[in-house]
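Each of the next two complexes has subunit A plus one more chain, namely subunit B in the first and subunit C in the second.
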Partner chain A sequence: MTTQSCVMIQKEWDIVAARQLGREIAKKIGVGTVDQARIATAVSEIARNIYLYAGKGKVCFDVIETIDQKGILITAEDSGPGIDDLSMAMEDGFSTSGGLGAGLPGVKRLMDEFDIKSEVGQGTQIKVIKWVR
Partner chain B sequence: MRIPILKLYNYLLISIQTEIDDQTAIQFQEDLLNEIHKTGSQGVVIDLTSVEVIDSFIAKVLGDVVTMSDLMGAKVVLTGIQPAVAMTLIELGIHMRNVPTALDLEQGLLKLHQELGE
Partner chain C sequence: MDRNLKRIALDNSDSIVKMWMSEINTIKDGNYTATISDDLFESTNREFVNVIFTSIKDQGSSKAVEDFSEKIINLGWPLSYITDGLQIFRRVTIEYILTKTEKVDSNYFSQVLESVDLWVEPIIRKLVNEYSGSWEHIVSLQRVALQELSAPLIPVLEGITIMPLIGTVDTDRAKLIMENLLEGVMQHNSEVVLIDITGVPVVDTMVAHHIIQAAEAVRLIGATCILVGIRPEIAQTIVNLGIDLGKFPTKSSLKKGFTTALELMNKKIIDLESKEENISKMLDSIKGE
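The block that comes next holds the complex of A and B.
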C-alpha cells in the first residue's frame, strides 16, 4: 500500500512547498531529472490555480504501482467556485486570470495522464500521473 | 527573502540560488528596477544556473523584468537555463520570445558587451 502525503495550499509559499515535495517524492521513486522538472512545474501550476481561484485547497501525492509500472499520482482538490466551461479551460491560451498561469493544457502536456472534475459552486479536482520511465 | 543584486562596473549581476516564491519574484522585479535607476547600469545578467523550476508565473516575472528594464534603457540577458527547464517551459507553452539569453555568465557578459558597443 502507499502512503499519501499532502500539502495544504493557503498561502503563496505553499505553492513552493508543494512543488518541492512533488520533486522529492519523484526523485525517491527514480524519476529522471527532466521528468522531475515536469512534475515540479505541473504541481506549481495546479497549486497556483488553487491559490488564485479557490483561495485554499490541497495537493496530495501517492506513489502508485501497477504490474509493470510505477508512478506518482498527484491529486489537487479545492472547494472553490469550480470551472464553468471545462472544454474552454482546456484550450490553449484560455485564462481568466489575465495571463497568470499557463493553464491546464500546459499541465496536461507535462504529465502522462490527466483527469479533471469540476462542478460550479462545489469545487475542482484534478488528478495527474507521471510514470517512471 | 531578497535576491542579492551585485554591481560590477556598469553591469548588474544576479544569480538566483534559492527556490523563489511569487512574492520574492515580485520583490526582485522592483529591487532590480530600483538598482538600475540608482546605479545607472546599462547591462544586467540574470543567471539561472541553479534554478530547477521555472513555472508560468516566474517566467512571466522574468519576461516582464526584461521588458521593464528595456524601457528604462538597460539590457537584460538571462543565462544558464537548465536543459530540463528549457524543455518544461516549451511543453508548458511558454516561449519567452524576445528575451535575450546566453549559455552562461561569461557568454552573457560578452553579449552585453557587444550589444552596448563597448
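The block that comes next holds the complex of A and C.
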C-alpha cells in the first residue's frame, strides 16, 4: 500500500479539491477516462454528503494492489449525525434533504466495491474501490 | 532602559546592518528569492533595513513602512521574505546588544528581548496586514469577476437563447443559473433555451438536480429547455447514478441542440443562392433580350 493522501471537507469548494485529487490519482494509475469520470462523480457525491450532513470530515485516497489487480480505494469519514436507516439511505429516491436521492445508491453503481458503516451520533465511514481494467 | 538600548542599536546601525545583510544573503540560495537578481536583492535589502531603522527611530513610523510594503507587494515579493528578514533582524540585534554589554544578567537579558520585540512587532503587524489586505482585495475582485462569468445568457436568434456553462457548479452558481435563466427567458422572450454543459467537469446528483429544477422552471413559464453538450462519459455516469433526465430533450452537442431548437420554432436555415449563380442568371437574361 502506498502513502495515503487526504482532503479535509469543510467548505463547498473542498468537494472540488477532493474530486480533482481523486481524478488525478486515478489517472496516474491508468484508469480510463470514463472510469475517471465515474470516480470523480462518486467522490463528489460522498464528499457532498459529508458537507451537507456532517459539516466536516475527510476523504482519503489509497492506491491498492493485489496479486492480479490494482485499484483506487476511497475512504470518506466524518463524525456527523450518522445514518438512521442504512437500507433506506441505499434506496433510490430516498432523500432527507430534498435532493434526488440518487447519491449513495448511485455511488454503489459507479464503483466496483462499496462498504458503508454508520452509527447514529457517531459518524459515517464509506469505503469504495474502483479497480483498473 | 529602552532608550539606552535603542541608542546602542541606532549608534551601531552600520554593524547591525552588515550582520543582517550577511545573514539574509545565506537564506537567498535555494529559496523563494533565488530567481531575483543579486542587484535587486541587494537594493531591496538596503531599503528594507532602512525602513526598519526609520521605524525604530520614529517609534513605529508608519509612513515609511507603508510605502515600502506597497512597493514590495506590487513587485510580488513573498511574505516569507518580510517575516524572515524581520526574524533575522531581531536575532542579530539582540545578539549585537548582548555582545556590547559587559555584564549580562537574566533581568537585563529579558529587557533586551522585550525591547527589541517591541521595535519589531509594529513593523511585522503592519506589513502582514498590508499583505493579507491586498490578498483579500484580490480574492474579492476575482469572486466578483467569476460571478459575472458564471451564468451568461446569450440570445442567438429570435426566440432561441443559449446558456453555456463552464466549470464547477456549486450551490451559489446553481442559484445564479436559475435566476439568470428565468429572467433571460422573460426578457428575450425566448421559446427555446439551450443549456450547454460541455465545460462542466462533473455532473453529480446535485448538479443534475439543479439542472432538472431549472428546466422545470423554464417549462413552467412556457419555454422549452434543451440540455446539450453531454459527453459520453457524463452520459454513463448519469445512467449509473440513476438520474432521470427524460423530462426534457437532451443532445450531445450544441449544434444538434440548435437544429432541434430550430425545428421546434418551425424555422430552417437555408443557403442563399451564390453570387456566381446570380451573375450567370443575369447574363442569361441579358442574352435573351
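By definition in this document, the second predicted complex is superposed on the first by the 130 of 133 C-alpha atoms of A that agree within 3 Å, B and C clash if a C-alpha of one lies under 4 Å from a C-alpha of the other, contacts with A are read in each partner's own complex, and residues count from 1 in each chain.
In this text, a contact is a pair of C-beta atoms (placed from the backbone, for glycine too) under 8 Å apart; a residue touches a chain by one contact, two chains touch by 3 or more.
As the structure is a computational prediction, the values presented were derived from the model and not from experiment.
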item: Subunit B versus subunit C as contact partner of A:33, first or second or both or neither; value: both
item: Which of subunit B and subunit C A:124 touches, first, second, both or neither; value: neither
item: Contacts of A:75 with subunit B and subunit C, given as first, second, both or neither; value: neither
item: Contacts of A:44 with subunit B and subunit C, given as first, second, both or neither; value: both
item: Partner contacting more residues of subunit A (subunit B vs subunit C); value: B
item: Shared subunit A surface residues [contacts with subunit B and with subunit C]; value: 12-13, 16, 19, 33-34, 36-38, 40-41, 44-45, 48, 92, 99-100, 102-103, 105-106, 109-110
item: Footprint of subunit C on subunit A - complex, ascending; value: 12-13, 16, 19, 33-34, 36-38, 40-41, 44-45, 48, 92, 99-100, 102-103, 105-106, 109-110
item: Residue ranges of subunit B in contact with subunit A within the complex; value: 19-23, 52-57, 60, 82-85, 87-88, 91-94
item: Residue ranges of subunit A touching subunit B (in the complex, touch as defined); value: 12-13, 15-16, 19-20, 23, 33-34, 36-38, 40-41, 44-45, 48, 92-93, 99-103, 105-107, 109-110
item: Of all residues in subunit C, those that touch subunit A in their complex; value: 168, 170-171, 201-206, 208-209, 212, 232-234, 236-237, 240-243
